[in-house]
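Each of the next two complexes has chain A plus one other chain: chain B in the first, chain C in the second.
Presenting the complex of A and B:
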């Protein structure tokens, strides 16, 4: 941290950076006149939606942009040296040595055919002038620091022999091993499970503080910002629209975009009885030359000057700048224009009518190979699950990846056959997938996509089908003009609406949504969540909402089922499960979620769940969670706890559940 | 690695059995038989039957099959029907020439195509389209020229007009200079089409790897473009390249038959064509197995190399 009274020159000073991507259909202005600076040891978060220029800006700093991207103008000063004027050779001496980098996807960021030892020792030898032996010892030491168990053995592994969390640790170890002064981390935890994310954040925090390494990290997760950042830069349409200390960004945001963004996140403390505030519209097309403020079309405080002239960043406090003509941004008019509609809780006439009943459901996958038939592997993807879904309710299913959420969804839809157990459903079950862009045939018009289920089931003649399709599109809040377009012409949020419309075409009683919002940006996510809540209310459809995003699940669900290694470990009303979890795993999951409130984050004890999901291949005789549970005793390791009633209306599978 | 190799070896044995069985029965399906071919118009019905008895062609099929398999196992491949020479001698004298052509072609093609393809990919990645377009365009034009045509053109230009290389003449292992001069044109002709396929494949593979995340990681660690290209990109791109080299070996074997005929080289291809023309069942049968086995071995080698290059390859 910065010492008081000391006069410091910034470590990194970015001035009027402009980056463009020349595409066939026009030039995309990815970064537009961005200026900011980072002090030594400071942690800066860069937030914004996809396409706002976060990654392009980070890549521009190191000049790592690949064709067709290029830095058009601007200066980047690192310790006073202008990077823009360095030769490729001088740049290479800087990369890795002065600036370390961690990327988003740990699964693809390490060379798959090179051992970890080689990938780690080579930069250490080059940058710190060590011998191979010294560098090897140093690499082992760094692997230990980032929390890799048994580093002496693991260092000889290939990346594919490690889990995603482990690979991200390796990436961090690699980036920090040359003792850079600045670490650039591009969405370092986005691809990871929430418990692993919490571990990685702890490591980043500890290691950068120890060595006084400055950090610039890109994220769209405001909770993470609150947990990790000193200062925040908010980007919109290639511009930095607000830059301030983390406390001010959360307590007194001045730019309307920041203000709106903060309110679209479901809060763990709110009562969640109203709709999520949403930002209307979509970000502007970056290929067009923008006149005036880029946010004005989505801004309720926009006036005539906003259309004429783009606002410059101006001071709103000692450490606070914002680019808006209105001194207070949305100001006191910040109340959402959306009518407050009490929508969430299921108080309708359908209550208590069970439409899906799952009894003792099992799905085991066996894998055996040619030469090792003797050692047959059994993966218990879904193991003895009992669940009920009531009419018009939303059942949220949460758990880390590999816990059996998606297999359960496939079983519900009849895409997989259960090994044993029963599923009773009343009415049809339909599906909404995670990635709308890849779940549609790109060569089919939207009209035909929605019509398809009707055709398959032979519902109605051409005329009634067309009417139904138009009704469905209106139902999900889209203009029927979209019907004759192709999926490629629609945005992610619009496509997810189409996916919902298609799922509703046959009037199902249950819609299973597997991570329906995780591919979407925060502002669009709120729109989809509100849509699902509305539909539940209007049509009485039940939703099974599968997600790893606990805040969203807690917001949208009536009941929550927490899964661990194929089993339901806790099941009960959403508020109860979230606010006073009975099972230690549920508690650990909730503790791991970063809360978008820096004051609360700093008060929270960093109770990080240790370890990773054990291999589903090993048969565990006692409680499946005993290997990671802080409360585990001998009883837990030998005797399997049954899912049983705890207090009223809640079930948990733990010997020590409170 | 050992278990993997053993498994691939076992597959090789199974494939071999399949090849032998298929060749044997395919030959029996062809109208006419060895006795009729041998006798020509000289023998009448009864005499022909006697010849068939002598040659074992009237035995039950399963007995004939066993005799055939046994002869392969002990490498007693019999004699040619027309010239009555030992088939094994014929193959032993012809095979080295064909193999030399094939191996030299592969090496030459790799040596030209991989740097060319890598360069094209690198240029395309950097947005310098001109050189990339030149290389890919050239590769496409070459690929469009059939090797029998290029062989004739080369023969016409370099042997008959310019007289740089002899168009015919004996090949003796005691005279390396003549071997080089006699084989240079066929090797050049064959490697041209291999270069075309391989360069384009290399370009695609390297270009794809260059946009991978781990290449970006290597750049961010401060490695030079050349090191990134050779240590990371080419090593990862090697896998599809090896596959294509292995697969195009089949094409190459076809090619050797054609160029051997055009350049009058006494390789296996020439022996095969003579065998077919004289309806020498015994010879053709063995040669078919020879070609098939060559291909099977190349595939085996590709599999092993694949595993050595990529630790992720499972069986």
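Presenting the complex of A and C:
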């Protein structure tokens, strides 16, 4: 932030912005009366759940909204110019020269049939008036700055030859190469793995402060906010409900929504003996005209004035505004009054009954084409894995995408056949899938979806099945009235509950949950995590919880297995693995996780794991992690470390494990 | 007594409300309340009615000749005029429409069933079954469909059944392809995996999950195929390979009339217009189905 004694004009000034989407079932008020400003060089985070209007706001600022969305009223002033009054041509100049953009999905934001060189040089030539040669050199330089190895060669690549992380680097290089004064980034790291995310965040941070570029970035990850932002705007139901410096948002939040949101995230330091505090209910339907405060139905501090009138943003400090009738939001009393239920963990002496035993499991995929049968590519998705799951415990499996954790899940369920090795299971194994939208046959009613496993197995007659279905729905905390709906009529969180109900229908001994919360919003995520924790206790079901979200895995698991390139590199009790990792990869993974605490984030060393996951096609003779490991020696490159006991109850595959 | 006094209007009200609910349901039905579907029905329903009621109408029988009334222009008595043997072209056209609808619907049904069956098997099982089916499909698709139909008619002879078979055989490969591609997209869905984890049989997966979810695009294809079959039948009959005279079909009506185009334009032109209307209405129908089933085309 810059305060040099003079009064600076804001770079971007948004006043009373209102954006609507017309749909055939009603008008959605996506952005409702949003006002804020960004000073030169300032980094502003816009936080909110899906549907809170954060992307619509960014699109409105760029005037990139497409039909049926439109800006209804309000002004957007960029460097004092009202963008609503610019011609399309002036606007195009503005978008390149004054504002750079980075979008969420690196896979679709680059033209797939154009080389990187061409995509990068065109805007540089147009906006900075350089010749092709100069622009080419400039592009190479930018690729070097965003950390692309060997940029002279990589610039001639096509997008498909690059990984997601590399493409996002290219997007950032493109956005910054025209030296914009403002960078708008819409969920720039959501599609990436934690270690890559940490690298990208580091790049964004250094490059924007070098050139004094202001940044507005949209995210739902509060950890990222703590790491990157100067100021934070919290959005709920299309409105900015709180706007303050990052320190104040985390240390003294004033809006009940911000307060609740911060508490739903598992903390890396807490002992996790209680359930996650959750925000009850769902965000409001944006098609209805809201009377009063939009958050009141989920707010424990709501009074009758909240139902009558919507609160305006009012000052809570010099740099702090919040829209709530209560000066303190929930206040300390309301937080303490929350009913807390102890979360009994399977800690201490684990129950000893092993119900799943995996011995030296291998799954290799061979891709051979018709023409080149000789040169086979072998992908070692799962490579010599040994694991055990005990009755009633939760085993968390973490790792970056491509580490083989999902293949392991499919092997466990019998959806894939192992190439070698054995899996012994006692009782049934069932699954909860990642994407609630595709886990259900859209043509079937919820009732028939939950009934299906019973029907396939021929369990009971029609009447007993119906009562079982109703019991299951109540067990996962849903109203049986939902049974006659179709999957398309339920929200993501409700669908994930249905998925759990279906998985439990046949009383399995193990439920495999593959990223069950990654498609859900933060406030709903805690509800599902709590549900799984409760079910573990009530039913004694064991869970295999697969995720890349380390905080959640650490919270819910009794034991954690860390996977890297198809191998388990560390395995042991959750708290031990998380708080004193033995394997350097585990340590790097934990270091990369952004923690929702700006004080901790600023103290943290920026030593991020370099490089990316090597191609699983290459045969690696030594330690698979040696290419990225800070401790790697000659021994690591030639000799493969075995998973062996470290300390008491933990195993790690590293020559130098402490 | 007082009870019935109260319940009577309440019951009437309830019935009235339920009727209104039915009307509301109809109004919300995206298939029926679609301009394309309405257009299709506005053409198809009257035509179908005329065809079924033709024997009851005061019309000359389609094969009856009247040498006193040759090549008469359209009039009230002969709405489409008469041909060189004094046969009523309107009545013959209706008979032709009957043939057209029979051909269109049977071809569509045949192609749909065969395409669903073989496409599902090929896409779902893959491997050797897939390869075997697809090689045959590729061979059939290498022939121009009209030539294929002509060749098959040369083998099987003329008449309604051979015509239907010939056109259907040319259409089935396309349906197999479409269904196979749909199945390939569906079979990796998580709900299929979910059913697999409870050891649902292959038959269960195909009938409960794959077929219901691929039916919608296949119905769109079937209605286009019906329109196409009607045109191909007309072409075959025009070439003298389909329905043989004196039995009327829209195609051979046009063929008979083309010699007298200068003296009696109506003999060819009016049956041609009828073909056009039927083909268009089937295309409308396919658009209607597509719009009703595709959530992205919501207005």
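The definition used in the following text is that the second predicted complex is superposed on the first by the 646 of 658 C-alpha atoms of A that agree within 3 Å, B and C clash if a C-alpha of one lies under 4 Å from a C-alpha of the other, contacts with A are read in each partner's own complex, and residues count from 1 in each chain.
Following the convention adopted for this analysis, a contact is a pair of C-beta atoms (placed from the backbone, for glycine too) under 8 Å apart; a residue touches a chain by one contact, two chains touch by 3 or more.
The structure presented is a predicted model; accordingly, all values stated were derived computationally and were not measured.
**Student:** Using the overlay on chain A, decide if chain B and chain C clash or can fit next to each other.
**Tutor:** Aligned on chain A, chain B and chain C fit with no clash.
**Student:** Return, as a multiple of 10 degrees, the angle whose vertex is the Cα centre of chain A and whose sides reach the Cα centres of chain B and chain C.
**Tutor:** Computed from the C-alpha centres, it is 30 degrees.
**Student:** Have a look at where A:442 lands relative to chain B and chain C in the superposition and call it first, second, both or neither.
**Tutor:** Second partner only, chain C.
**Student:** Contacts for A:24 in the overlay, against chain B (first) and chain C (second): which applies, first, second, both or neither?
**Tutor:** second
**Student:** Now for A:457: first (chain B), second (chain C), both, or neither, which partner does it touch?
**Tutor:** It touches chain C, and chain B stays clear.
**Student:** Have a look at where A:414 lands relative to chain B and chain C in the superposition and call it first, second, both or neither.
**Tutor:** second
**Student:** See if chain A has more residues touched by chain B or by chain C, and give me that chain.
**Tutor:** When the residues of chain A touched by each partner are counted, B comes out ahead.
**Student:** If you stack the two complexes on chain A, which partner ends up touching A:113: first (chain B), second (chain C), both, or neither?
**Tutor:** Only chain B is touched by A:113; chain C is not.
**Student:** Taking the superposition as given, tell me the minimum C-alpha spacing from chain B to chain C, whole angstrom.
**Tutor:** Here the least C-alpha separation of chain B and chain C stands at 5 Å.
**Student:** Which chain A residues are contacted by chain C in one complex and by chain B in the other?
**Tutor:** Of chain A, no residue contacts chain B in one complex and chain C in the other.
**Student:** For chain A, which residues are in contact with chain B within the complex?
**Tutor:** 62, 64, 66-68, 88-89, 91-97, 100-101, 103, 105, 108-114, 123, 126-127, 158, 160, 171, 174, 369-371
**Student:** Quick check on the complex: what are the chain C residues that touch chain A?
**Tutor:** 189-191, 193-201, 204, 208-209, 212-213, 298-299
**Student:** Going by the contact rule set out above, which residues of chain B touch chain A in the complex?
**Tutor:** Touch list, chain B to chain A: 3, 7, 125-127, 211-214, 216-225, 231-232, 235-236, 309-312, 315.
**Student:** What residues on chain A touch chain C, complex-wise?
**Tutor:** 23-24, 410, 413-415, 429-431, 433-435, 438-444, 449, 452-453, 456-457, 502, 506
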